[in-house]
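Data first, discussion second: the structure below is written as structure tokens.
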Amino acid sequence: MAEGLLAAAAFVLATVAVGLVRLLRGPTDADRVMAAQLLGTGGTAVLLLVAVASAAPAVLDVALVLALVAAFASAAFASAVGSEDPAGAPDAE
Amino acid sequence: MSAGLALDAGIVALLLCAAGAAVAARSAFAGVVGFLAYGLALALAWVRLAAVDVALTEAAVSALTGVLLLGAAVRLRASEAAVAAERPSRGLRLAAALLCSAVAAGLAAVVLAFADPAPSLAPDAARRLPATGLDNPVTAALLSWRAVDTLLEKVVLLAGLLAVWSLAHDRAWGGRPGPPPRATRDGALALLARLLPPIGIVTGVYLVWTAADHPGGAFPGSTLLAAMWVLARMAGAVDAPAVGDPRLRAALVAGPLAFFAVGFAGYAWADGFLAYPAGWAKPLIVAIEIPMTISVAAALALLVAGPPVRAPSR
Amino acid sequence: MSALLDGLGAAAIAAGALFFLAGTVGLLRFPDPLSRVHALAKADAVGLGLIVLGLLPHAADVATGAKLVAVWALVQLAGTAASQLLASAARRGAASG
Amino acid sequence: MSAETLYGLGAALLAAVGLYGFVVSPHPLRRLVGFNVFGSAVFVVFGVVARRGAAAGLVADPIPHAMVITGIVVAFVSTALAVALLLRLHAATGRASLRDDGA
């Protein structure tokens, strides 16, 4: 059973890691942050699977912290862009 | 290959890709986002290396680092084109790449040559753990066996904060960091800033409290507390305190002071600096941890806020 | 009963993993930022939800189960808000750039 | 290959990537990112050492873990200080270059 859960974790990790391509390609900065956001959620899922697979309840706390801070990159990005210029800076390259 | 090893290989591959993106991406902003992805992968790696305490710290700190670096990347965006012209020539880059490869080869050789069986303090730690009354050896290391390190780190934290504050204009000295708060017009940000902090504060306190016996700790706990304040500030719900405020100063030094007090008391009731009398280790450690959490949270939050820019009100 | 639960759990986890796959494919293949946010939000909400659902039968005790559900609820809240934030940032970027 | 060796070799490569970014990037913010990658790679080597030292019922040697936790916080402090210096430089000169002549 644990093997199956770990395999699922590896699958989810590989999947969201491919999303890094969007980080490199953009074209807008919002797209790049999206890749990090997906990685955050995927990472939380991986931690949950690992926690149950290895019967380590403390790992759930890491998942909890990750879930709490998952939105920080998006929030920091939105607030930095919002406060920079009321018209909204063009972020296409 | 077992599924666990496949997962580990995936994490290492993700670490390398994210680090590559952080270093080689086109813009500084993209590089910073790559670094955030890297921090996330690092938290997973720590879990797989059976270092849950470290994973908690990494996950919490990466939130603050993200706010700091993303904000700087957005503010410095206009300056990027001019700096890009300073890129070293192709030959220099090649030379740097060769040297870095040599460093990697050296480190890899060291890793492959690690002694077997590995030298370890784990047996010592396991033997001495009962004397501290704690169940989590990492907390015991941080607050008992290597407590001097932790104390010095508190001092470094305060010194770093002072250095940041010293960048202020003379007229802003003692004033508040950052522009005055403006309630965000973004409903989603306002919602986050209202809903997350209560949960984050409870989780942070829980991490401090549980650290005696389970993975957790004053560092991830206080980092989480600081992060929640930073979030509320991003939404314009709270203002940064004036750096000259005596209450703020008291909160900042409470932790180190308690630490020093217990440390010097060690001369009187035990056999030296930061020595705990038998049977008293756990209550003393908790007595240090609570003010320390407040001080660390305040210092981390203000490090993110930056130097004061608004003159103090008279 | 327990075999049935195990089977359902495995199916839910597999389905959740597929939602993450779909989220990544959407993030890479969809033509504009707003539809990409849409794909991302699905992976966030449904993918993680299904995985939590599939893990619940394996939870050793009530506290573990409660934490699993708490993580899911948090990601619901934070992920949805983050998607909203990114969508409005993307729209502003599109309007001016 | 054991998982520890895998992470150790990965950390060696990470150190090279971070160091390269630190040396080659012209933008100070990107240098800072490179330096942080380099530093964390060293932490991971510590983590590998700790994991290999699992003994006496402990899953890993706790002493390196405590040192890494201290290191992560100190790395954050120095990053925050560097960002503050950089923003101050930008505010004072309008540029983010570290060169005197600003070529």
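We call the chains A, B, C and D, going by the order they appear; numbering starts again at 1 in every chain.
The rule is simple: contacts are C-beta pairs under 8 Å (C-beta built on N, C-alpha and C of every residue); 3 or more make two chains touch, one makes a residue touch a chain.
The model shown is predicted, which means the values in this text are computed figures rather than measured ones.
Ranked by C-beta contact pairs, the top pair of chains is B-D.
Taking each chain's centre as the mean of its C-alpha atoms, chain A lies 20 Å from chain D. A straight line joining the Cα centres of chain C and chain D is 31 Å long. The distance from the centre of chain B to the centre of chain C, each centre being the mean of the chain's C-alpha atoms, comes to 28 Å.
Shared interface positions of chain B, defined as residues touching 2 or more other chains, are 4, 34, 48, 75, 186, 188-189, 192, 196, 199. Counting partner chains per residue, chain C has residues 74, 78, 81-82, 85, 88 touching two or more of them. Looking at chain D, one finds that none of its residues touch two or more other chains. Touching chain pairs in this entry, ordered by label, are A-B, A-C, B-C, B-D. By the touch criterion stated above, chain A contacts chain B in their complex at residues 3-4, 6-7, 9-10, 13-14, 17, 20, 23-24, 26, 29, 32-33, 35-36, 39-40, 43, 46-47, 50, 56, 58-59, 61-62, 64-66, 68-69, 71-73, 75-84, 89, 91, 93.
Taken together, the chain C residues at the contact with chain B in this complex read 74, 77-78, 80-82, 84-85, 88.
The touching residues of chain B, when paired with chain A in their complex, are 2-4, 6-7, 10-11, 13-14, 17-18, 21, 25-27, 29-30, 33-34, 36-37, 40-41, 43-44, 47-48, 52, 55-56, 59-60, 62-63, 66-67, 70-71, 74-75, 77, 179, 182, 184, 186, 188-189, 192, 196, 199-200, 203, 207, 210, 214-216, 220, 224, 227, 231, 234-235.
Those residues of chain D lying in contact with chain B across their complex are 1, 3-21, 23-30, 32-34, 36-37, 40, 43-45, 47-63, 65-70, 72-74, 76-81, 83-88, 90, 94-97, 99, 102-103. Those residues of chain B whose C-beta lies close enough to touch chain C in the complex are 186-189, 191-192, 195-196, 199.
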